[in-house]
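Per-chain numbering from 1; labels A, B, C, D, E, F, G and H assigned in written order.
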């Protein structure tokens, strides 16, 4: 049962990762791409973390994986914000 | 024209090199698999090394001289870095980004990075991790802090910085000498104390490594008011 | 064992003197002069002592392994003493002369330092017990003479120095190659009185001939054998004592002496003759004799004329060596000394003319004789000696050489000798004539108040002494310890082992 | 040093209380437990590290603004998880729709949250919520980028703002 | 077998990023490629069962040296005090 | 469970490769950074999966470090590259 | 006893590096003098020990090779350690007086200097391939740091050139180590040598690539371009250290690797190739030295030429009788020692001259021989050794190499030796010539303190005297690079 | 273990590419990038070859760690030098050709 759930979660996670990447290509401008990446990828990561949770050996390890996810969330939220801010600060600033 | 020919020649040489390398590799991989002598020795000696992680055992016990010199290399790089920093203040306010979210990130990440560094340091004796990783992580924490505009007064060229640069190195060196004064070889640990001493060394090393890498990152910018003169005419 | 210190001490005398002089500040003339003269006198005494010992058959030598398989050997044998005696004696005179000559000019510390070093190298060359050691000092000589040649620091001097160094270092390289090849082939470089290649494998003869050519070519540069003589006339820009040193005591003599060593003590005269290398050498020497004299004829500069005369005269030594037989040997060896004494006199005199009267060219010498009678007398005696007028030194040489040529079945040498004497006369007699029999052409450019003497005492007495020597070695040629007697001793030991 | 920090933060730090220290020590210890994967033998070093980290953290980042109500956290997280799942789905929907239904733009909204952690929470959460991406915080305003200006951004932000407010004790003391 | 494909893909990506870092005309792009390369190297070490190196590489390659390079790139874009123009 | 994980990692790696393409194509600097960010997240996911499938718990430390540091490049980019357009703020 | 000596030898430079980093320039200078004395005493004691008792392996940390790192303390190694102590102390003393303490960055000279020393000792003694790599890197970075000290643009340029060349060289070496380790499963030089019984393509390639890397680090001809700027721009004592010792380290490693592996791998072509490159270096370096307008560049290019001689070892030690190979090894060793002494003397003297004439150009030397005879004399004496004139160590080396080349039938190397000697004479005499030029004016020069002038003189005299004691020195060296069994 | 072989191949190619970059590229930063690639290639070979022959070898891991530290130190130092060089001269690559007298 868990096995099936795990595989499903894994699959979903991968799916979202794929979507994120797709967004990177399909979305028209940088800001929208940020949306796609931040949301899809972090969701994907979260799902994969969930998928991995049953396989771990102890509570601490489980929390560790979750911690990784949380950290990734915070990191990508912040960097999304930072990139967005920089883009809005000077639209042409970083472009070559 | 000559430049063009030189480039072509060098390119051809690189190509030749790659082909030869591949050819050599082909011969090497065709060799029969056999028991690796060093691995056997390593597993036999590992219990005496004071740590249970083989890589750490190699780095800080069996081949600690390599590590000592390697830290020396880092110390040199750090020294040269700060010797080139001609500014009195090592931080540049222009580089500040006073973003509140970045600050918020720092509040969480900086302690976490330090903690992770500590964990890697401690874990080094039994599993992957160790002084260098911990030190690099500390440096990364410092870089992050600096990028976000945290004050880094301790990185001004001065006695404190210099002492920090060589802290781990000196600890390592003194412990190395200890073994020799005790009648054993240079770099030999007193029996039974190996594990503890390795941890002490690693702790010192991580601090120093962090500081060195950070100093190298920090000392790079040059202030405009600095004089471009190189030295005495001689 | 007891004899080990003597050659070393002899060598050390001038070496130490040189070091002390280098360390002395420029303005300490008196100490410098004292050190110089003390060292020269001491050296003369040591050499005399050794000569006496060698005459009595004592052995002086020192040897230690310097490189794997190669030894540094100092050894006082009869031939060595011949050369050592000459250089020790003339060093004293030249030093005295140089002290007077350079009075008041700059860079004396450097000059005398290298001067002593130069003599030390010469002594080393004389006392070298094998070809390796010989080469060591031979190259040291090259290096220590360069600063003397360029001493004046003028562009002309620097050019001359460059030419000198190109020639001598090139020669040194060729010599080194020869030495190494010889060592490679035979594994022995020692000087033995009869040579040591006699028993060599005949298959090696071509190689040995080639090596002989290399060695002689290397040595011939310093000995100024035509066509390797180009540096010598140019080097005339050096101060007169240096010229005296180069021509009479050190450099050219070192080359000639080296050829003596190679022919007699390495190859052995018999073996060299049987290899057939002597005759070509004789031809080269003969050609040089004539060529040098011819060139000397056309030189209007006094020192250049003397220089080409040296080219010619040194070839006499080589010629003597290349004549198989005791008489030729004696002639060559004795000329080593005689030529030194005569030529040093001539250069001293030329220096005096230049220093006192500011005269450099032959045609300016008109009437100098009455103005500087003693100097001119010395010059005249030496010039006559060069020409070979009996009973002066040069005559003894030429006589021995002639006899040697006949004994060696090389009668063609006789005309060469005659022609050369004729040429000698042709380029020396006009000078003598101008000195004594031509009226003075105007005032001397820079009259100096010199008191009673015609020139500075230290400039005057050395040529006078050597001129007297020129006469004495000729007149007293048969006396014991005369150069001729000593050369006889050498030849005796060489041919009758 | 403190002056520099002020310029950076523009918030007055509140005085450090004992419970701040305790919370941080405990949090650090918890993190250590997580990192060490529950290894008991690591606690000697772990306590040391926890104290050290607390020191560093208190030194560099003294507590500011209202305090987090830990008890409210699970509720918030649950809500957040749901919304962020929705956010992913939202992005997926827009991506996979053939017409690429996008109408990106920026919206500036007023914000009455207290300065400091509450705003940070909000801004960071917004970046992970459907359709919004916080671009800048200035003063009492927040600038949000959205994938679709036609959707009710204001409502979304308001909801998030309310949740964060609760997290910082807004609902408890009326 | 999948593992092999995985490794193959990783190696391809590794080589691609390396080529990108080397050949990219835009310096910034080269540096970003290099950061990606560091991350992939870290994965490669994982696949080679060398977690120690993976850890170090992740911290260094993807973290520190990326920042160092970015910093340098930004520095090199600014006009220097020395005045002369870039010759690149 | 091994196969799905292997497949998943394969897939994630493929995504990485695609991200690479974005880095290469740009067009703006921010896009490149974004793709690098994607690299970070995907790498973390990969590491977590590998930690499980290779039974190397140390890889979780790697993942943690990576996720902590992934922000580093972005911050550097912002403060150093984007924040300082060419010629604007001379040092 | 020997264990303590070794510990002291390894510990002192590193410890002094730390100490000097924490001290200001003048205090560090004082400390360094003490350290140099200590190091000199230790080196001498160790040298005497080995001369008397024979060489031994020193196992660091008590762990035996191949897993542990064994130091190989044989005659050659201790001689080079002693040489390092000698040259290092001379350069250090000179630097203490030469460098301007008012510049804030000069304080970093001392720690870098000691690090360099530590690296050199590590390389001389190393018996482990990877340890050699780390040692080489230590040397490289310290050397780069010393070159760049002060951070002026030309120094930076030179340092960057040097750094890149050295780094590529190191990596090439490391690549070779990787291949060798993959094949033989050992990192100790002896272990690898034992493994390499027969020709193996991979090992041959590894050898080739290692030699290539080391040749670049040692500034062998086509890879020499970094050397003249780096050695020309650095301060005189630094240049002296770099030319005297640092490039030798790379060569030393190359020689050790070659002698351990070269014969087994039948890599004759490689040897000849290196010999040809060395010959080209001799000619090209000398030619360039002849044309340089700056004094220190003349000396630096001369290093390129002199290093070329060293590489004649490779063809002359492969496929020749044992005795010839030994001769070549002895000759090259002597060349290393004498060049180290002579070139450092020359750089120090050149530094003094530059200080005095206040110009780097050769023409500015006019009149120097009159007013500054001592520095010029030291320069000249060192030049004697470079030219290979007797009785210098350079001559002894040339003699042995000539013999080896003639005995092996490879006479063309002899031609290189002779021509190289003449070319060396050409550039050395060019300096003399410039300095013998007379100037009319009165003494225009700054007179450096006597102690500054004495140091190069001592070194030059040592270089000169080396030829006279070559045999005793060589006898202590024993088999220079031989792999004889040493008692533990 | 064939997958190690793949990395070995990648290492070999990285070596070649890195070397080419080091030698041919003149921009200093790029050269430094190439140097790092070269280093990575060497490290891959150092670990990969024994891994292929005998399986994972901790000794090589330790060696590579040391190598990485050295490479990092060198890179960081080089960056400092490059930046200062640029700061003083405005150049991002070393001048080629003959060095003019200074």
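We adopt the following convention: a residue touches a chain if its C-beta (ideal position, glycine included) is under 8 Å from a C-beta of that chain, and two chains touch if they have at least 3 such contacts.
In this text, all values refer to a predicted model and were calculated from it rather than measured experimentally.
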- [ ] Compute the shortest path length in steps from subunit E to subunit F over the network of touching chains.
- [x] 1
Open item on the list: According to the touch definition, list the chains common to the neighbour sets of subunit B and subunit E.
Closed with: F, H
Open item on the list: Just to be sure I understand: the centre of a chain is the mean of its C-alpha atoms, right? Then which chain's centre is nearest the mean of all of them?
Closed with: G
Open item on the list: Need the most distant chain from subunit H, centre defined as the mean of C-alpha atoms.
Closed with: C
TODO: Kindly indicate the chain pair that has more C-beta pairs in contact than all others.
DONE: B-G
TODO: Taking each chain's centre as the mean of its C-alpha atoms, give the chain farthest from subunit D.
DONE: C
TODO: Calculate how many whole Å lie between the centre of subunit D and the centre of subunit H, each centre taken as the average of the chain's C-alpha atoms.
DONE: 41
TODO: Please report how many Å separate the Cα centroid of subunit B from that of subunit D, as a whole number.
DONE: 34
Task: Whole-Å gap separating subunit A and subunit D, where each centre is the average of the chain's CA atoms - done: 17
Open item on the list: So the centre of each chain is just the mean of its C-alpha atoms; given that, what is the distance between subunit F and subunit H in Å?
Closed with: 22
Open item on the list: Show the residues in subunit F shared as contacts by 2 or more other chains, in ascending order.
Closed with: 19, 26, 29, 33, 35, 40, 56-58, 61, 64-65, 68-72, 75-76, 78, 80-81, 83-84, 89-91
Open item on the list: Two-or-more-chain contact residues of subunit B, please, as numbers and ranges.
Closed with: 17, 21, 25, 28, 31, 34, 36, 38, 42, 55, 58, 63, 66, 70, 73, 76-77, 80, 84, 96-97, 101-102, 104-105, 109, 112, 116, 119-120, 123, 128-130, 132-133, 136-137, 140, 143, 147, 213, 216-217, 220-222, 224, 228
Task: Overlap residues in subunit C, where contacts from two or more other chains coincide - done: none
Task: Residue numbers on subunit B that touch subunit A, as the complex places them - done: 97, 99, 101-102, 104-105, 108-109, 112
TODO: Enumerate the contact residues on subunit E facing subunit H in the complex.
DONE: 3-4, 7-8, 11, 14-15, 18-19, 21-22, 27, 30-31, 34, 37, 41, 44-45, 47-50, 52-53, 56-57, 60, 64-65, 68-69, 71-73, 75-76, 79-88
Open item on the list: Could you list, by residue number, the parts of subunit H that touch subunit E in their complex?
Closed with: 2-4, 6-7, 9-10, 13-14, 17-18, 20-21, 25, 27, 29-30, 32-34, 36-37, 40, 43-44, 47-48, 51, 56, 60-62, 64-65, 68, 72, 75-76, 79, 82-83, 86-93
- [ ] Quick one: which bits of subunit F touch subunit B in the complex? Just the residue numbers, please.
- [x] 56-58, 61, 64-65, 68-69, 71-72, 75-76, 78-80, 83-84, 89-91
Open item on the list: Per the contact definition, I'd like the list of subunit B residues that touch subunit E in the complex.
Closed with: 55, 120, 128-130, 132-133, 136-137, 139-140, 143, 147, 213, 216-217, 220-222, 224, 228
